[in-house]
Structures are given as structure tokens and as C-alpha cells.
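The data blocks that follow each hold one structure.
One chain, chain A, appears in both complexes that follow, with chain B as partner in the first and chain C in the second.
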Partner chain A sequence: MTAAAIPRRGDRTLPGPIEGGLEFLRLLSRRPSGLVGFAGIVFFLVLAFVAPIFVPNQESGDVNAIYQTPSAQHFLGTDNTGRDVLNQIVQGGKEIIGVALITAFLTTLVATVLGSVSALVGGRFDAALVGLADILLTVPPLIVLIVISALARPTNFLALALVLSLLGWAGLMRQVRAQVLTLKERDYVEAAKSLDLGLTHIVFREILPNMRSYIVIHFVLAMTGAIYAQVALIILGLVPFSGKNWALMLYFAQTQGAFYFRDAFWFVFSPIFAIILLQLSLVLFVNAMEDIFNPRLRSS
Partner chain B sequence: MVAQQLPATPRASRARHILGYWRHPVAQAVLKAFLTVFVTTTITFFLIRLMPGNPIDIKIDELTKDGLMTYQEARAQAASLFSIDLDKPVLEQYVSFIGNLAHGNLGYSFVSQGTPVTAIVLAVLPWTLFSVGTGLLLSFSVGVFLGLFAAYNRNTRADHILSLGGSIISAVPNYFIALLIVIVLGVELRWVPITQMRGATSSGIQPGFTFSFIGDVLFHAILPVSVYFLASVGHWILGMKSATINALEEDYVSAARARGLSDGRIMTAYVGRNAVLPLVTQLAITAGLAIGGSIIIESYFVYQGVGLRLQAAVTQRDYPVMQGILLMVTLSVVILNLAADLLYSRLDPRIGRAGGATGT
Partner chain C sequence: MSVADSTVAGRAVIELDHVSRAFKVPGGTITAVDGVSLAIGAGEALCIVGESGCGKTTTGRMLAGILHPTSGRLLYEGEDVWRKKGNELSTFRRAVQLVHQDPYASLNPTRTIFQTLSAPLYRHKKAKGNRDATNRVRHLLDVVGLTPPDDFLGKYPHQLSGGQRQRVAIARALTVDPRVIVADEAVSMVDVSIRISLLNLLLGLRSEMGVSIVLITHDLAVARYFAREGRIGVMYLGRMVELGHSEALVSDPAHPYSAALIAAIPEADPRITRSKERVALKTAEVPSLLALPPGCTFHPRCPLAEPGLCDVQIPELLPLPADTPREVACHVAIRERRPAAELLA
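Here is the complex of A and B:
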């Protein structure tokens, strides 16, 4: 991302971040589902990071109003201690989205660096990394995550993000490697090599700027993977978090037996719905991006 | 570098990097599978022993807590449970662990004392493989068919509905599909008798090749199978659609049209066959995802498979069982991967030939 505004020479001119962004929005506006996804992402970012500033955190419940169904006072009803569910939905997004963003950032960073270095260095280093990535791709990730979390007990969300990105880099690393292998044969990379500009320059100045769209797509995909995995770990009670969090709401609902209690429907359904809508927005956005950046699909 | 662009070749060429000259694709695939299981087992072995608060310490703590046992006694008992000698260096422990493993001995459970881990895992693994396998085979067949249909009817209403529906359903985490079935269809609407459908079989039914037993097994498998089906069908629809669109633009399709072949023959023998190839290799990854999700899915349906057992092992900190399940699940997915690899080389004649299509 750091190399976004590098002046390019000759016919290899890339659009700057602003014109590129405008062009992207223009193409996006022709795809209703992509636009819906984009709007959803913006909505959830505002809900998770801006709305909590204006909505006070409700700490204690009201024992006279437990498991209430939706009403004008409580739009989404109340939970087992009489706390407002909507309030918890507003407060409970930051951790989920925060962990997803950190994990996606770490995963993308590691995968991109390892993938491009692996492709450029080659030899035994390349073979060993690809072998490791292959193994990580074969083992069911959630199972390994569960074993690791049961042992490591990540107590804060940076630790959780680290655990999650431990396993997530392999797929993207392999694809970045394949892309770099084709890109490195291009003239401008050959030129940089013959000018002896160094590996860092070649990776960050010559190759990565040409893979921007690709990296952004995989950043969003990594977010969906991180959300899937962290929600699973929290639901299983393997991440001893406290506070308000959509997945924690489900964990508490389960320990309270609320799944089988009809009046608790909105208490259980609301966090599920929030997570599904968030995932859906990300997926629709990614689909539209793939559509835009893949010329073969775009031509029609 | 042409090799990197052909969709068919990366698997074969990767293994060749590691192996150097052992070129036969089947040998490569088997060796890679073996290596994967070996490395995973090794990593988890050391991980479990290097983590703070290892299972042996936890067991010793548990045994000495009430003061009925001295530290030495507790240590000896913990060691016998793990069937490893604690005073040996970790590397030697590892060697004896691998030795036991080669004899099919995975150690003994902490909680159900004296029960071999192998017996525990083998009692639950078939149920998960059965439900995940059925769900995935169904979703693969239906999804591939619908994807092909959507690609042939591109930009029609049916295509839009299928594509959007596929995106939506593939965005829903598989465990949430299970939970939604429970809370919406089971508790709220009461359309599905979730309490009767719990378990892998009804209690008291005699296992055997009888109509009532098979019917009972299917009745209890309906919910997990539908979850695995729904969770992966969108992926196949979207994947098959874009693969078909790509295949339709290939020269050999135009050539086949020019030769006057019937549309049906072009669809099955040229377009469909080539489009489905890249999807076959994704079967193993999808199975890994489904088995991972089974930990939560099976607990919502109380279906006695690997997932439910692993969740119990995690809550009880039954490390030998955890390690055993991880190993068996990895083994299953690796075998599936191997099968997919072999099927792939069967479907794609370019791979089957000596040296493959890469020519590297």
C-alpha cells in the first residue's frame, strides 16, 4: 500500500490512488450487488466504531424485563439479565471487526512478503516455503486453531489475531508467488534487476503496485476467514474474552440454554444476523471487485 | 514459466521441487500425503509439549490437589496415562511416540481412563465422514449442474437468482446454518423435531443391515447433511459458473462448434469436463472446512461424530484425544486430497503422461 503513488515510466502508467478509486467507484456503481456490499461495509464500520461513541454502554440489566420480545423500548428485545439486545449489537461489533482487520492485515502482509520473496529467491527456500504452505492448506484450519487456542488461551484480541493469522497466510502466499513468477519476467522487472536495484525495491516498487487489486481482494477475503474462525473459537468458549461482542453474546446464550427458549429468539438471532450481514457485505463486495478486475468477466 | 499459468500443473510441479527426480504423479501424491501427515503430527506433538501448562502438569495438579497423592505418585500416573517417560528428553519422547504411532497406538484418554484413543476416534469418525461425505457429494453434483446451467443461461433471470443466491448462502458460516435450523425451524416454527433427531441413531436401535436401522441412520443424518450441503453448494455454483464461462471462450470449443458437434456433446465432453477439473481439487479443502465446522454443527444437533467428541475433549482438556482426533481428521482429509489428485490425473490426460504437461 505504501507504494501507491509512485510515478511510473513509459506505457506502464498506473492510475494514482484518487483517480483509481474514482474509476473503481464508477465501475462499482454499475453492479448493484457490489454497491450493496460496499454500503454494508460502510454501515458496519460506522455501527462498530462510530455509533458506540453516541450510544452509552448499558452495564446492568433490569431483572423485571428479561427475555423480552421486541418492543418500542427494546427494538430487539432483551437478554437473560434484561439488558437491551440492540445496545449490545451496537457495542459488540468493534472487537469482531477489529480482530478481522488486524488478522487480515497480518495475513496479507506475511503472505505477500513470503510469496514474492519466495518467487524471486527460488531454489530450496522457495521449495521449503511452498511445501509448508501446502501442508497448512491440507490440514483443516479450524481444527488446528481449536487445538492451538485450547493450549494458548489467547486473552486479548491482538493475541487472537496472531493465532488466526498463523494459519491463514498459506493460500494467498501461493497465489502471490504464482503471480510474481509471471510478473518477474516482464521487461520492467528485468530492467530493475539489471540496474541492480535490490530485492526490496523490486518487490515494493515494481511488483506489488501491479498486484494492488489482487491484494485488496485477498485482504477482504482474509477478513471473512478471520470472522468465521474467531466467531467459532469464541462460541466454543476457547477465547476467554469479556465485554460485549456478537460472538460472546452467542456463547452466553448457549450457556444460558437460550437457544431452546422461544422468547429468547431475538437475543440469539440478532448477533447471528449481524455477523451474517457483515460476511455477506464483504462477500458481495469481493465478488464485485473480482468482476471489475477480471477483464474476461468484465467484457460482457 | 508457462508451467505456472496452466491450471493443471502446480500440484505436480510443487511435489517435484521437493523430490527432485521422483517424477511419477502417483508416487508424488502419495509421498506428499505422507509428508503432510508426518509434519502435522510432529508440529502438534511439540506444540503440545512446549506450550505453558502442558497436559502432564495439569494432570499432576489435578491429582495432587486433594493431597491424597504425592507429587511423585501423581507424576508416575500422569506419565503412564500418556505412555511416555517424562524424564526422557523431548526428542526421545518423540521417537517413542512415533514408534507407538507406527503400531497404531495413540495413547490413552485422560478422562475415560484406560480407553485407547484409537477406539474413541474410530467410534465417532465414521459418523462424521458419512454425514460430511454425503453432504459434499450432494452439493458438488447439484452445484456443478446449477453452475453449468447458470453459465449457459448467462444474464438471464435464472442466472441472476442462482448467482446471487450462491453468494448469499456461501457467505453464511456453516455453523450458523445449523444454529438457524435449530432456532428458526426447530424452536420458533416447530417444523423440525430437533429433539427426536438428536444423536447419530435413536437409542436402543439394533445396528444391522435392516430397513429400520438404515432409515434411522438417515433420519438422524438429515440435519447435518443439509447443513454441509447448504454451506458448500453456493461455492460450487459460483465456481462452476465462472469455470464454464472461461471454458466457453476456449478455442477448442469454437473448433468443436465449427466441426458441427451437437451442443449437448460440446457441453458434456468439452466445456463441462474442462470446467469441472479445477473444482475437483477444491473438494479436499471444502471437506476440511466442513469437518472444521462439524465441531459446532454436531454439538447443535448432538450428532455423535468427531466434532462433538473433539469439543468434549477440548472442554475436558483431554489432550491425547485432541491429538488423536487431529491426526485422524488430517489423515482423512489427506486421503481425500490424494483421491482428488488421482481423480484429477484420470480426468485430465495432460497430467497422466510421464513428465506431465509442464515440461520443466
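Here is the complex of A and C:
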């Protein structure tokens, strides 16, 4: 036996960040579409959170240059007040993606905690939570969102994320609950109990790792849902946002009658394409998630 | 000696004292185990045999403290386990380990062999640091015959065969230095060719580490091999019908049901099998657990059954006078003071 065979933390127990990252890319490359989705997500994250640092926010427009078609100065043309559209696309992703991330994080967290606790505690607590989730699942979400937004008037993006999270957790909560109900009866969980490994170990080491793919997939799907919902609310004018935001661009395009100008094509369609491409990247990425979390495909 | 089981030699480690377990099902209540008393001696090899639905698994799970009995007591070192709390209960939990039937379900698919085996070592402070844990895991893998151990540390369960997984499951049970291992059909799902080596592994643990092994099986041939120096308990429809040294039980079964089971074991030589005398049961049909026959549950099938006795009175497990300590639950055999095998011949 040589000393080299002694497993280090890096290669046996927990993968280090670099090994983990390489493994992630290796598994992702099994599905080219997943790789494309991942690249798209990285692109939009850089566009929304890194690019604005280098591109100054252009506040004032130029009335002499409204609804311009793409040119060397304005790659995506200009809007109804003569502001550069590309500049708005760069500035306007932050809020959309930020709200989506916060909403997805909140719904996933709430759903995972409530679903696990519900399955483990059982009894009336479980019945009450499941009942509540069922009610939330039966109401049409957009209508409720409209009503809540109209009443609560969320004026910053954190408030908007909270409103969107209110309805989003029910589906995953029921899925997590169902998963925990079957997983907690597995032989290896019974073995862990009889080895006296403790509840924390059982929940976080034995049960939850078997649901990682569920949870991450839901996280990404919750992002797509949150993006559509906030875009709808903003276009309908129910969220009085100021500043730069892809959905707000569409709101202005609609209210300022940009739809009636042929040259406004670039102004109207740029945010739409940005939203579509972002959503497409997320969906393509999600499809590859199943492979990434399958221990059978992992190299060892 | 023990409270309720007179056949055990020496001091009992764990003991079931008249335990019963009922399950509610749609359509009524099933009594899976009915008044079973059984003591496990230190370093003993004991087999519980019976057909499916006889309550052998339920008995094993109650022995391991995983299932709470509906009535009766589970004793560990003579003390009632279910009255214990906190530390004492977890001491008992660790003292008795269960090896499951299905090696494909008993290991967590997301955890490597090293992770599975090191977690209990860390938790119970049997290993300090990564290097120590690795050495101990290596040693355990060596003990269960997974060599060279380094080949297995980083593997996931799906990369191992059924037999190898079962060895990992046994190694996992050994991490907490148990006194009793309950192996529930632990060899029935692995290939026949590796069954014997797994049985030998379990027997080796018993002789080398002094662990008592309770093997639950439906296969009397396996039981005869495994418990050749120990005892066999035969269960039928929730009750223990015969309990005694396996040699005596196999050569001279005292209960008509055991006699029928032993007569049905196929021999390797087909000529012997064909010429073997079978016990002619009245019917091959096993009664439903939802509507158990009154009296002795075996009476509708038993060739020795006497109307007015066997279908009325539940027979108790009583010692049958013989050279070896053994108990049988049969009115006729007890009255005639002869094992059923002789009465049937």
C-alpha cells in the first residue's frame, strides 16, 4: 500500500471546487444543448451584472434621433426618446434576473423546508399544509398576482420577489413532501437510524442529496416562471417601477405607441428577444440537470 | 438463562418476551407475530425459518428495535428496551444491527462506500481525522472480504455487484461494533454461487468477533448450513412452532410443520429426492392472515390434527423431553412425548 493511495479530501470524500467544476462541465458536455443553455445563462449573467459596470447608464435621450434603425452608433437603434436600445438592454437585465433569482431562492427554500417538515412530522400539521398548497395550486396564479400587486403596490424589486414567491412554493412543496415520504422509508434511512447517525445526518446526508436534481430543476423552472410573471405585471402597469428594465421597455413601447412605427422594430423586439433567449437558456440547461446529478454518470 | 426461552445456552443478549405485533390493513387487523419468545445468546448463530407471511421479518425487525411490539417486551441485557431513553436506547440501537434483504436498496446511491462507512465512525468517535477513518474503513472492507480495499473506497453502490453491496452492508453494520446482527434474508437476493461465501463471512464474524448472528430465511437448506452449530426456530403464521438445536431439529423434527418442511428439501441427488418420503399435508393452501384458524393455526393442514383438541386450543411452546433442549408447540407431540417425525412415520 502506498501513501499515494490515502484518499485526500479532494478526491474521495468531497470534491474540491476545481474538480467539482470540471466534473460539472464534463457531465454537461454529454448534452450539447445543456452546454448551450449554460453558456447562455453565463452570457446573460455577465450582461446583466458585469457589463453595467463598464457601460455608463445613459439617462437623457436625443429628440433628433428617435426610432432609429441599427447603425454604428446605436447597434440596436434608439427608442421613442432617442435613447440607445443596446444601452437599455445592458442596464435592464439586472432587475429581471435579480427578481427571478430571489423569487426562485425563496420559493425553493420555503418549499423544501415545508415539504420535508410536513412529511417528517405528519398528522394535522401535514394535512393543513397540504390543504393550503392545494388551494394555492387551484387558483389561477396570474389573476391572484394581479390582485395582490394592485393591492400591495410593490415599488421595489424585493417586494415584487416576495409577491411572486407567495404563490410559487406550493408545487415543489408537494413534490418534496412526496419524495421525503418515500425516501424516509428506504432501507438505508432505516440503517442510518439504527446506526444512530442523528436526524441532521439523515435529512441532509441521506434524504436531501437524493432530491438534489428535483430541487435544482425546480429552482431554474421557478426562475422562468418568475420572469414571465414579472414581465406580465410590469407590462400591465401594475408594478410602478422606474429605471431600466426589459419589461419596462416593453411597457413604454406599448404606452408610447411604438408598435405603430415600422422603425421601432428594434426597440420593441430587442427586450422580447432578450427575454426569450434567457428563458431558452434556462430551459435547455434544466434538461441537462438530470445527467449532472445522476451518480451513475459520475466518474470516480 | 432467559425468562421465556429455555433452549438458549448461556446468558441472553437480547430477548423477545411474548411479543406480538399487529398491523392495521384495509379489511381488518393482521397479527403478524403472535406471542413469540426468543432469546439470542452471546456469540450464537440462530436461524428463523418460515414461509412468506409467517412473521419472521417482523420478528427480526422487533429484535433490532426498529419496530415497536404491540404487546410483550424486548429485553437487552435483561432490561426492557422500550422503557429506556436517550443514551441507553441508542446504546441498544447500535448493539443490534440489521442487514437488509435487498442490497440494491440498503445503500444510499448518492454516497460513496467511504462516505457510507466513515459516517458512523465519525459520529461515534471511533475515528479521529480523515487518515484514521480511512484506515478503519480499509480494515472493515478487508474483514468483509472486499480486497483490495482501496479499490472500493471511492466507488458508488451502483458500481458494485449484489454480493459486494451486501458485504458493504455488513461492513456498515460492523462500524458500530454490534453484539447482534440480524440478517433478514441477507443472502436470498444474491447469486447462489456467492451465497455460501456470504454465509461463511457471517459465521466468521461470529467466531472471530463474538457477534451473535440471527439469520432470517425462507430457505431451510440455508438454515441447515448456517445454524449447523446453533439453533433453528421455525415460524408458521405468526407463531414459533419449534425451536431447538438445528441438528436435532433437522434429523428429528418435533413439529409436523417442520417435518413437512424438512421432507420437502430437495437433495442434490435426484434419486434421493425422488425416493424421499414426503409428509402428506391435508392441503397446500396457507390460511389468510386476516382469518386465522382457531386453535393451532396449522391444524387445517396437519396430518396429526385431532378434532376437538387442535382446532380449539392454542398450543404452547413447551419443552419436548429429549437429549437436547428444544421446544415445540404441538398438542399431539407433547402428549405422545415423541417428535412428530416419528409419529408420522
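Just so we're on the same page, the second predicted complex is superposed on the first by the 246 of 300 C-alpha atoms of A that agree within 3 Å, B and C clash if a C-alpha of one lies under 4 Å from a C-alpha of the other, contacts with A are read in each partner's own complex, and residues count from 1 in each chain.
Rule of thumb we're sticking to: contacts are C-beta pairs under 8 Å (C-beta built on N, C-alpha and C of every residue); 3 or more make two chains touch, one makes a residue touch a chain.
Please read all numbers here as calculations on a predicted model, not as lab measurements.
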Query - Which superposed partner A:195 touches (first chain B, second chain C, both, neither) - result: second
Query raised in the report: Should A:205 be classified as contacting the first partner (chain B), the second (chain C), both, or neither?
Result: second
Query raised in the report: Between chain B (first) and chain C (second), which does A:33 come into contact with in this model arrangement: first, second, both, or neither?
Result: first
Query raised in the report: Looking at the overlay, does A:187 come into contact with chain B only (first), chain C only (second), both, or neither?
Result: second
Query raised in the report: Is chain A touched at more residues by chain B or by chain C?
Result: B
Query raised in the report: Can A:178 be said to touch chain B (first), chain C (second), both, or neither?
Result: first
Query - Where chain A meets both chain C and chain B, residue numbers - result: 296, 300
**Report entry** In the complex with chain A, residue positions of chain B that touch it
**Finding:** 1, 4-5, 10, 14, 17-18, 32, 35-36, 39-40, 44, 47-48, 51, 53, 154-155, 164, 167-168, 170-173, 175-176, 179-180, 182-184, 187-188, 238, 242, 245-246, 249, 284-285, 288-289, 291-293, 295-296, 300, 310-311, 314-315, 317, 322-323, 325-326, 329-330, 333-334, 337
Report summary line: The chain C residues in contact with chain A across the complex are 64-66, 90, 93-94, 96-98, 100, 102, 105-112, 114-115, 118-120, 123-124, 130-131, 134, 150, 153-156, 158-159, 169, 172-173, 175-176
Query raised in the report: Along chain A, where are the residues that touch chain C in the complex?
Result: 1, 5-9, 11-13, 186-188, 190-198, 201, 205-206, 209-210, 212, 295-296, 298, 300
Report summary line: Counting only contacts in the complex, chain A reaches chain B at residues 33, 126-127, 130-131, 134-135, 137-144, 146-148, 150-152, 174, 178, 181-182, 185, 224, 227-228, 231-232, 235-238, 250, 259-262, 265, 268-269, 272, 275-276, 279-280, 282-284, 287, 296-297, 300
